[in-house]
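One chain, subunit A, appears in both complexes that follow, with subunit B as partner in the first and subunit C in the second.
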Partner chain A sequence: MTSMDFLLFIKGPMFSIAVAIFALGILVRLFEILALGRAHNYAAARGNEIIPGLKTIYRRFNPDPGTFKRSTFDVLVGTLWHVGFVVVLLLFIPHIELIQSTIGIGWPGLPNPVVDAVTAITLLGLVAVLIHRFRQPVKRFLSTREDYLIWLVTFLPVLTGYLAYHRLINPYPLALGLHILSAEVFLIVLPFTKLSHIFTAFVARYYNGAIFGRKGIQS
Partner chain B sequence: MASSKTLGESLRQHGVSRRGFLKFCAATASMMALPPSMAPAIAQALEQARRPSVIWLSFQECTGCTESLTRSSSPTLENLIFDVISLDYHHTLQAAAGDAAEHAREQAMELNAGEYLVVVDGSLPGPNANPGYSTIAGISNYEMLMDTIEGAAAVVAVGTCATFGGLPKADPNPTGAVSVQDLVKDKPVINVSGCPPVPMVLTGVLAQFLTFGTLPELDEYGRPRAFFGQSIHDRCYRRPFYDKGKFAEAFDDEGAKAGWCLYRLGCKGPMTYNACATMKWNGGTSWPIEAGYPCLGCSEPEFWDAGGFYKPLSVPTGSPGDVLVTAGAVGAAVGVGAGLMSRQQNKHAVKHHDKVTADQLEETL
Partner chain C sequence: MTQGANHFSLERGLNAWREEIDAPVASFFSSCVHCGLCAQACPFFVETGDPKYTPIHKLEPMRLLWEQEYTVWGKLKKLIKDRIDAKLGRESKPLITDEMLEEWEPLLYDSCTMCGRCSMVCPVGNDIHYMIRKAREGMVASGHSPEGLLAASVRAVNTGSPMGLQWKTLEVQIKHVETATGLEVPIDKQGADFLVLLSSMEIINFPEYLEAITKIFDHADVSWTLSKTCFEATNAGIQIGSKDIAATLVQRVVDAAEELQVKNVISPECGHAYTAIRWEGPNAIKRAYPFKVYHIIEVLDQLRTDGRIKTEGKEMDRLSMHDPCNLARKSGVVQQQRSLMDLVAGDFVDLQEHGELQWCCGAGGGVSSNERAEPLKLAAFKRKKAQIEEVEPERMVTMCATCRTQLEEGLEEFNMDIPVVGLTEMIADHLVEKEKAEQS
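Take a look at the complex of A and B:
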């Protein structure tokens, strides 16, 4: 198999397989959660559910002062690489072209040097959180194999993307193929691991806010 | 037939000055990534070289490669080099026809056994395909190729059809087309890909063969590394715009007029390895990207099936949008079903919940 055969397989059938597994898996999970619903609350409602629910989705982006003081590193570096990952994923022009060709919606991107710098920061952030996880006894104790697996699955698309952009792997079709393959592994693994928090985190935040809202208290 | 005249004598006869010839040798040396000090050695070797016999086989092709290699606006040294190889068989260029043409091929093979070069353009129906798709003088392409290469020193596949199968091999490949390297295993095969290839590349390969009696260093696809070692993207004069993130988004927008990067218009430059960006076309006049047109990636294998010409490189070749909708709909339905089933189970459990009193619990202790 030449590097071009590899790229064409990864860009063609393999991408469709990855998208199918991702869409099927994540929607089964989300719709199952939504269809389950919540136990009926017989108490009289003291406030609205929807507005506080939506507000909480946003408000949870800000860590409360206690958490920030206790885990400054986690909050700072965690936020840094999460934002970096999303920026690189959604604002790099070749990625926008891919998204537009798949779902028909596009948006303006960032200049390549900006995305390049953000990628470098994201990579450093991801390495830092891994080192932190190894060095903190409590974190290390709590970490499972799945945690290390999803770290790797998240790290590889960023790393291979950086290598492909800077053309550090030759020939280029191999570099691009490896990058797309690592993104496909991310998509395939996503619905069945903690990575599904990309979607479920917002459901959880909404329910949390809605419950508090109904009780008439701030979340 | 291979002439007794040396290349130097022949060039002088064509009115090429010594100075012009040395300039060509220096250019050839730099083209082949050799130090400039090699130019006199090349000159000396070329001067004394005998005209080699070349048998040119044209199979499933469009003659575009021959057009590209022979038609230049003014006579160049490359043309003269062509004039001074002994092109003993070439459908488009030879005067002979029918039996006489085939006889010329057989005679060249016999007289220069073990020394002649075979140049092939076009793909050919493979050994398992219907040979009737392409025949010459009633001989199948497969039979003619295998017969001709028997006494050849080396085989040069010219153009993407001969090197990788090209257009005839594009999905669904109705003629069962294969490339030269798929069939020729016991002779050196040099692939000069491109649709059409850069003329200087073929000249460079021939010059090296004449100079050193060796074949050039090849890449993973059997292409001379000196010409196919760098990508179009790496040598593109529009690269600074890519690096700055300035892209033309339509063929007539401001970006296109300002000469920005053509990535979003489908340029395959990043994955294409060829010499267009450095050697250009039509005597160094221009090349596709300079003319405002994205690189099609024509020197790469499967380029016809590697995604739309006007679709960016990052766009998948299948239809993932349809897959997403279908898989998403199935996923949603299964998810709702699973959720409702769990609800039912929950209800059932609540309904059939056995109540226990404290006394009953104590009894179990």
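Take a look at the complex of A and C:
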């Protein structure tokens, strides 16, 4: 198998498989959460549920001052690499072209050198977060193999993308193939691990806001 | 736990969890990324530095059950494991054991006041204290709840009071109040507007409360009553995590209120009692109440807004305030106590993190009825102490008998000469005399 065959396989059948597993997996995941429902609440409400629920979705991007002070590194570096990841994912022109050819909608991207810099920052952020996970006592105590796994499957697409862009792996079809493969692994792993927080965190935040909102507190 | 062993079993515990796992719980477990931020929100972690007190870790056994039984991936993993075990001819290891629950008992009870602060901080939005409340149901059903709480629950069911206090004791106190004030304390008055409940802790430690409301309600012409059959507002069933006990205790309040045909029930200066009866009670008995429930602070603030409380003079020393978690963060009563403070305090300063982000005193959620938790209770108090030291008040004001006892004991332990007062009493001390008020 030449590197071109590899690339064609990764871009063709493998891509469809990964997208299918991702889409189905995340639907099942959301279904198995929402289907559990909530018991009827007989207590007279003090406040509304929906608006505070939606507000909490937004508010948890922006922690309270005490939490920021006590967990400054987590908040800053966590936000930095998450934003970097999303920017690179959604604003790199070849990614937009791929999305356009898959689902038919596109948008303007950022110039390549900008994306390149953001990628480097994201990589550094991810490495910093990993070191922090090893060193901070609570994080180390809580961490399981799964936490390191999701770090790795998040890190690899960014790393291989960076290496491919800078032609640090040769031949190029192999580099691109590895990059797309790592993105596919990410998609396949996502629904079955904590990576599902990408979607379920919105559900969790909504419920949190709704539960507190009913009692008249914005959480 | 030996007593009633046939009542409690691991399987019953797991079944209780199965009943408790709902969509929010599943969304929370699905979302946790083990970032550890919740630890920084919890006084038990912050003051001990021991990672095992990280809030989400307290839920690990319940999470295991959720993963295995409520996710496709977990079910698949179990299937494969069982296959392998069958092939190798060995018995499958149980996911959750009694030993495990025994290890988690102090985490779920001794080191958690269900204060809910972690729930305000988790960046993915997990309402952790919501899950801890649920997890306790399984701990009770499996026979892994603390002796102290169990004893309090049994006393509450048998005598009506978690401290075994009887009407006779309260009656003596009522007589004292009547002599001291020259006012009548109404008992079993049909059709009164408000049924007033008390907590045993308050009756024993802070008799000033009953005197204070007697004066205030007379001043504001409020129609109220006590009930001889039910005067206890706290609910040991909710602290320990037993819906059955909770329902029995709530039903007593409902029966008393219905018998006297009151329109409103007042929970005393006790945060726990308020959340128990206000938010959990109707769900314990599975029907809405035919009356409304208020915390005394809400009632006083409404009287203030209606112009029915007239005060004179102010406290001139530097005062700060402790918000009970149950009242502020968990029930949305934050502004009311501040408006009341304005009425009587000349030099009031809030603690830096207050209201929905206040720090727990360390004694709620059953911790104070659990002797084994004493050292942790004192450790958690150090967070409150640090907050108090920041603003250097001359006195602290609060509106929960449990918080007040903890503050008093804690401050004394650290040789800090800061008296603690109840807000209701402070208001009562400043009432304009009735005749004078009527003339003006």
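Definition applied: the second predicted complex is superposed on the first by the 217 of 219 C-alpha atoms of A that agree within 3 Å, B and C clash if a C-alpha of one lies under 4 Å from a C-alpha of the other, contacts with A are read in each partner's own complex, and residues count from 1 in each chain.
Assume a contact is a pair of C-beta atoms (placed from the backbone, for glycine too) under 8 Å apart; a residue touches a chain by one contact, two chains touch by 3 or more.
Because the structure is predicted, anything quoted here is derived from the model rather than measured.
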Partner chain(s) touched by A:L98 [first = subunit B, second = subunit C, both, neither]: first
Touching partner for A:Y206 - first (subunit B), second (subunit C), both, neither: second
Partner chain(s) touched by A:P108 [first = subunit B, second = subunit C, both, neither]: neither
First (subunit B), second (subunit C), both or neither touched by A:P137: second
Touched partner set for A:E32, first subunit B, second subunit C, both or neither: both
First, second, both or neither for A:S196, with subunit B first and subunit C second: second
Contacts of A:D74 with subunit B and subunit C, given as first, second, both or neither: second
Residues of subunit A at both interfaces, subunit B in one complex, subunit C in the other: 28-29, 32-37
Parts of subunit A lying in touch with subunit B, wherever the complex brings them together: 2-5, 7-8, 11-13, 15-16, 19-37, 93-95, 97-98, 101-104, 109-115, 167, 171-173, 176
Subunit A residues within the subunit C interface of the complex: 28-29, 32-39, 41-44, 46-47, 56-57, 60, 63-64, 66-67, 70-71, 74-75, 78, 136-144, 147, 150, 192, 194, 196-197, 200-201, 203-209, 211-212, 215-219
Contact footprint of subunit A on subunit B as seen in their complex: 220-221, 231, 233-234, 242-247, 263-264, 270-271, 273, 300-302, 305-307, 311-321, 323-324, 326-328, 330-336, 338-340, 342-343
Of subunit C, residues touching subunit A in the complex: 21-28, 30-37, 39-41, 45, 49, 51-52, 54, 56-57, 70-73, 119-127, 130, 278-283, 285-289, 292-293, 328-334, 352-353, 356-357
